[in-house]
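After the structure tokens below, expect a handful of questions from me.
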Amino acid sequence: MTLTEILEAFRSGTLSPEEAEAAITGRFFRQIGHSTVDTDRTRRTGAHEVIYGEYKTPAQIADLVATMHDTDQNVMVTRTTAAAHEAVVRIAPEARFHADARLITSVRHPVAVKTTRVAVVTAGTSDLPVAEEAALTAEFFGSPVTRINDVGVAGVHRLLARVEEIRAARVVVVVAGMEGALPSVVGGLVDKPVIAVPTSIGYGASFSGITALLGMLNSCASGVSVVNIDNGFGAGFLANMINGL
Amino acid sequence: MTLTEILEAFRSGTLSPEEAEAAITGRFFRQIGHSTVDTDRTRRTGAHEVIYGEYKTPAQIADLVATMHDTDQNVMVTRTTAAAHEAVVRIAPEARFHADARLITSVRHPVAVKTTRVAVVTAGTSDLPVAEEAALTAEFFGSPVTRINDVGVAGVHRLLARVEEIRAARVVVVVAGMEGALPSVVGGLVDKPVIAVPTSIGYGASFSGITALLGMLNSCASGVSVVNIDNGFGAGFLANMINGL
Amino acid sequence: MTLTEILEAFRSGTLSPEEAEAAITGRFFRQIGHSTVDTDRTRRTGAHEVIYGEYKTPAQIADLVATMHDTDQNVMVTRTTAAAHEAVVRIAPEARFHADARLITSVRHPVAVKTTRVAVVTAGTSDLPVAEEAALTAEFFGSPVTRINDVGVAGVHRLLARVEEIRAARVVVVVAGMEGALPSVVGGLVDKPVIAVPTSIGYGASFSGITALLGMLNSCASGVSVVNIDNGFGAGFLANMINGL
Amino acid sequence: MTLTEILEAFRSGTLSPEEAEAAITGRFFRQIGHSTVDTDRTRRTGAHEVIYGEYKTPAQIADLVATMHDTDQNVMVTRTTAAAHEAVVRIAPEARFHADARLITSVRHPVAVKTTRVAVVTAGTSDLPVAEEAALTAEFFGSPVTRINDVGVAGVHRLLARVEEIRAARVVVVVAGMEGALPSVVGGLVDKPVIAVPTSIGYGASFSGITALLGMLNSCASGVSVVNIDNGFGAGFLANMINGL
Amino acid sequence: MTLTEILEAFRSGTLSPEEAEAAITGRFFRQIGHSTVDTDRTRRTGAHEVIYGEYKTPAQIADLVATMHDTDQNVMVTRTTAAAHEAVVRIAPEARFHADARLITSVRHPVAVKTTRVAVVTAGTSDLPVAEEAALTAEFFGSPVTRINDVGVAGVHRLLARVEEIRAARVVVVVAGMEGALPSVVGGLVDKPVIAVPTSIGYGASFSGITALLGMLNSCASGVSVVNIDNGFGAGFLANMINGL
Amino acid sequence: MTLTEILEAFRSGTLSPEEAEAAITGRFFRQIGHSTVDTDRTRRTGAHEVIYGEYKTPAQIADLVATMHDTDQNVMVTRTTAAAHEAVVRIAPEARFHADARLITSVRHPVAVKTTRVAVVTAGTSDLPVAEEAALTAEFFGSPVTRINDVGVAGVHRLLARVEEIRAARVVVVVAGMEGALPSVVGGLVDKPVIAVPTSIGYGASFSGITALLGMLNSCASGVSVVNIDNGFGAGFLANMINGL
Amino acid sequence: MTLTEILEAFRSGTLSPEEAEAAITGRFFRQIGHSTVDTDRTRRTGAHEVIYGEYKTPAQIADLVATMHDTDQNVMVTRTTAAAHEAVVRIAPEARFHADARLITSVRHPVAVKTTRVAVVTAGTSDLPVAEEAALTAEFFGSPVTRINDVGVAGVHRLLARVEEIRAARVVVVVAGMEGALPSVVGGLVDKPVIAVPTSIGYGASFSGITALLGMLNSCASGVSVVNIDNGFGAGFLANMINGL
Amino acid sequence: MTLTEILEAFRSGTLSPEEAEAAITGRFFRQIGHSTVDTDRTRRTGAHEVIYGEYKTPAQIADLVATMHDTDQNVMVTRTTAAAHEAVVRIAPEARFHADARLITSVRHPVAVKTTRVAVVTAGTSDLPVAEEAALTAEFFGSPVTRINDVGVAGVHRLLARVEEIRAARVVVVVAGMEGALPSVVGGLVDKPVIAVPTSIGYGASFSGITALLGMLNSCASGVSVVNIDNGFGAGFLANMINGL
């Protein structure tokens, strides 16, 4: 029953007030002990919930995976571990673990692949785990991804050599630590939205990514916005959302 | 001459190396004393330069406006003053000053208006100047804007009542100071990219917008990215860029 | 002897100055080597001392538990460990360990249970340990607790569905990490005091709870006050105190 | 029409869907150009909206005062100026300006005065403006206030001499700048909730109130919670809310 | 040879310029591979060097102890470990390890004991290690110490009961974590210099002692100065220096 | 009547309880509207209260000066203005204004001058106002002061040339902005307590004195303690207190 | 007399000890009331003192200029004003005021001009005042300067077009605000030392230059070092020193 | 083929456009899976790339070492481990591991040794690992190094005794933790560029090197610039670059 059907059934008296309330509530979330799963998210935001794996036990994660597969959704778990994957794979044998990106993905319903691409660009090799989190997230939701690694600003010719590949994408994710200058340079070279992801790569006055974050927020290039430090997932999710507009 | 034409002319000997270099350079930037105007930006990024008005004298701004009109571009000046407008209007009588948003716009070539919309949403009345900067920027570059004001989270029903208007836009700019919670709530209600703009509105531990900025960067909703504190221009520019994809 | 009796005895000469001083002092604190137990706290503040377990050895904690049971008080130990519980249970077999909340409680004198309730609300599953610290503390001091979990602002309908339960309480504790926006939304929906507890849940620019703390301090809703990061005990104690007014 | 009446009228067909929607909306907020007045707040939170005066022009404030009086509410404006009062007094002659506390109050409907009291305690003379904001807010909403000034911890006997007055109140607001130690001492002496208000009084490493704020958040006394720096209004509002439970 | 004797010998020709230089240098420091021991410090500052144990290996520490005993000095090592003590005790059997305070002391030449006392006061039991570092340092340099523990401001009567003991000392060290309020209260009660030592005791917004440090720097009491977080050594050293004036 | 006399009079019945209370209270503080003057401070701390002039109106300051002169105390006002001096001089013609140090002093009872000296040393000319606040405070309370200016570490020979003058004092106040290194160098050259005063002199990353403050707190020299940024008064007061031991 | 001559005169008895001391001291510094002029600096560091103009009155500055001209030195005053220039020009008619750079220079002895150059590069027009301070300082001490303005990273082709000019210099000063990324890009393109100068240009999360400073400290390019925010003088001084090696 | 030869070959038709592009690209960088090695850096910056070892696995490091040796370059790896050295030594038997400095160096082509020297000066023994990183880096690139250890400002005579050795170098690296004052004192004593390296040595308010960093940025001495906390490599690289000018 759609919401309209429920309301009509309530007006016509087919449903009692209590039945209407239960029917309506059931459409929006489901409580499973420790969590309140948001089953309405796809309708509202165009994409279902993703499981934030940090702080959760393997058993809790496996519970949540089971619940989501029960409602016919593909599952992604972020910031998770091999131990959690072991628990998940028992109930979802198709689940894969991406160690670098710390992601579990379990895909039962192939997602339509878009025709336009997302570019994921890194400043240095050490930024790859966060970049992979972004790239795999975009792919999980249906965006093809072009990966361009280790083209930081200290050797700007490496970037210039690959500008055409970047310009060929519909949206660009730029991942950088240390001084976080790459998004500014990329933003000045392309006519596409740039999503900047600061990473915690660096030492001393990099302050675990704060310097990169601040640099990106103050970018002198237009068309750049920023997500949280090491938030590859958020960047990949947003990139796919923009790519799908 | 396009760049290809210049290169061909060089290969065929019509242009000497010096002439080729001058021709090429001229296509990319122009030096006017205190500034190096980036005349290649439209080709690279899809939008021409905008004049950052802060720290510049009215005379410098008028110079830059003249230079840009000379190259047939519309002009926008951000973070500027009535005094600068007085200087500009002498050489560009059509220039308008938007006092709240601290913008000068001077439009000589009407820009094509897109069919999809940008929504600009504020948490409180005090956020309006920054929101107007975002809205006027998006309009300047061709995006129709839906304005929704004063729907902060302390009275969340005000927001819920207007969700449909927000969902009708292709991209949403959310402007908030104090705790900066509104983008999270909006992000959980729509399936469109949300560009969050923290404002310096607040006192005490709002730290001139830092609290709002941090809140937005840690948004538990997906699809949210952030620009600098009070950076309405950046948000409006990016919103229009996404809207035009 | 009450303080008045001591003073009268001193005026009448029954007590020498030295005896009076000793009698008065004995009513106020007791020194046990490493600590100065505040035995007057119940008279002054309406509730006896609680043992702060961090930095203390199991042996020191067991000592303090013994001292407090000697003066007929129930005992609560916060921020403690299973090892400490093992030491305590030898001298206080009824002592229970609440692993999630890191609390030991040892109740020898049943406390009167109030008729009005405290609501403890969390934004996410990861906030549960701090929320349990708050809830168990309120219960230890005699307040019934309504627990409402995982209703963060990214799916605000989950919260709206349970507003009536929250409004039924006399005071509300709201526990949230990341951007810490939930207390503002709750504060705008209820007519009861809201005690906001920031948690250290999050990553990157959450700065171990600073972002949530700042967000809560800048809440645009009225009736909200804040305690230290992860201070579930403080919130539960204050909630019970307000509930008992 | 109450909400129930509207819904019944809709079910019975007296109201069309459009009319029902308008009626419902009208009960919740009212849009006046620059603002969205929350007319439902009293029902939800037990107290109507208060006008935050900072950043608003005298004309905007006068508009909002008029709107609120139209809906039969008393009006309070915080962080405002004598200039705003001049604008307000033309349309609300009974409006008073409290210069120290920077408040305008305009009371048309006498509010019931509670029988229990709020104590407002300051550490130093310089904290008085914030304390007055708290005290006047509590009085505006119906709480009698006991004022105790200049009893900071550097001369703790001044505080001890007045403990009984403080203990006679049902809730205590403690206002302090510099090191912000007073709430801890008071919290250790009373059995009532203590609302701590850090002020921006001090210099150097007081960092405009941050030091006092941090000190209060780390209070070793139980029963203490904290509001934003200089937020006398928030403390007074919450004190009255607790006092009215 | 004293410096004067060396200079006279140089003027009279008994010493060549090279010999004079060597003699002078030898009086001031001695180089032992990894370190430049300051052998002139007693003359200049009234007290010999103390070995800062952190970051040094047990072998390096034993080397330095041997060098200092060679020049007839007593030895103290701060921030050190049981492993270092094992290395030291082989060459200096009288060396003692104070585990709580993380100090090694090796006394070969009894130091004259002063007739006036230093008081070391703590806010809580958890502050004891830092307080012991202060107390043992003062004793090492010849000051008798009065220890007063666990008299924090949340139960201010515990402090008031012991004010006379504190006032009997010539200088007072006050050690406190969390909000760091105790030095202000003590400073308002005594007519002696108060050396405030912030400790890293606390959690959340105590920021490993920053809050206590800031509180102490902003003390509203006069006669209070502050040393680094957890710097018990510095406080004890200064207390003894003042005590010996 | 001394406190003992009051108590005896109470025990003997000469004073009723009410009279005893009034007599006791009167000895400790006096309330004059906006302030609670601490009249007991000399007994407790060896020095009477000093008026903190910031945030107070000239009229309030004049009131406080009058009250203090009424109780036969000399008066010092810190952080004050020429306007306040004009108000004070009407009731206390002998009051002097020290413009650089922003102090008013009004001495009616000559204070005994000590035989030992305080040295006040500055790193640069710009530190003089804070240094003068320290020097004048020490003189006000009876310590002769040796002033040594502009001997910062960038030309360390200037300092070395004057070490003997510094060593001749009993306690040393060192005032420095920017990197705040001077106290470490002085502390390594003298055998007297060094009170370090960071100043807000500097720009950029001096952060209004935070850098100097941090540098001083981390001094590698022993015998150094620190007061708040620009707190010349606190340093001078403490220096005199130590000088008088 | 050179120092050697003085010492020999002392050994031979021509100078008494007092005369020797006076002669030696006179060679090193000179005291003029408020300041201790370091007359030995040229010998030690290769360049005489420069007057830091901030916080000094025009009269004080004129005094210092006169003293320095008396010792035959050229004079530079930094962070100064037109008012100071008016005072200086009365005693040093040749003194020039550079308004943008806030410098006074008074050159009486032409300095030898080096054959190698310093390049001063800015990211944006707003960085010009700081860049001019650097350039004029380098010129004052004898380095020819190549100025390259407004070549920030958002239009990196502007920079690439001028790399050869930059590479022709012996040392490069790079001046940038906002995200401060330009030194990294320049550092990756040249084989010369890069001195990075962060400026306070920007808004919001640029934090008055902190973001640029942090970005530069974390530069991924080698050969980059950093000076204080807005410290054009320091960069120009160091550039000339390196250029003169 | 040089770039000119490639271009000529392209103009003459010997190379097709595709061949020219491949030839040009090959001269600038080489992609090896996870990294984009910058093979053009020596031409541009005068020194080849150095491998940043942190975050990289031993296998990745060995790969990169092999690639660099293939192109006939010497290899240095920073911030690395004994485990990485074990992997490297299998393919480059001459590779040495410097445990303190955490460096691997593998030299196949002896580098020309310069005739001028670099001085590396430390404030304390604990600063040695960072100083060794600087010294070994300078030596790796061909600069002889003078090492001067443990001459911090608390015993300034130790430094003064060695000033001539320092002045004999062409550029000075000064390494210090805690308050970071040594570069200011050295900068005031020498006429050479001073590169200041803050270290993370210290505790409490040293904030892992932030205090030392800030102190150095605010140095009152001229000729001082700063690199990141613990960045011995950067300082040694820059020192050698300046030394080679």
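Going in written order, the chains are labelled A, B, C, D, E, F, G and H, and every chain counts its residues from 1.
Throughout what follows, contacts are C-beta pairs under 8 Å (C-beta built on N, C-alpha and C of every residue); 3 or more make two chains touch, one makes a residue touch a chain.
Computed from a prediction, not measured in an experiment: that's the story for all the values here.
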Partner chains shared by chain B and chain E (touch criterion as defined above): C, D
Relative to chain G, chain with the most remote C-alpha centre: C
Pair sharing more residue contacts (C-beta pairs) when A-G is set against A-H: A-G
Over-half contact-pair match to E-H, picked out of the listed pairs C-D, A-H or A-G: A-H
Distance-maximising chain from chain A - centres being C-alpha averages: F
Whole-Å separation of chain centres (CA-atom averages), chain F against chain H: 49
Geometric centre distance via CA averages, chain F-chain A, whole Å: 59
Mean-CA-position distance for chain H and chain B (Å): 41
Touching two or more other chains - residue numbers and ranges from chain C: 41, 124, 154-155, 187-189, 204-206, 210, 213, 217-218, 221-222, 228
Chain-chain contacts as defined at top: A-B, A-C, A-G, A-H, B-C, B-D, B-G, C-D, C-E, D-E, D-F, E-F, E-H, F-G, F-H, G-H
Residue numbers on chain D that touch chain E, as the complex places them: 123-124, 152-156, 160, 178-181, 184-185, 187-189, 202, 204-207, 210-212, 214-222
Residues of chain C touching chain D in the complex: 41, 44-47, 50, 170-171, 187-193, 195, 213, 217-218, 221-228, 234-235, 237-238, 241-242, 245
Contact footprint of chain G on chain F as seen in their complex: 124-126, 128, 149-151, 154-155, 157-158, 161, 201, 203-206
For the chain C and chain E complex, residues of the former touching the latter: 25, 28-29, 34-36, 38, 40-41, 52, 54-56, 60, 79, 198, 200, 209-210, 213, 228-231
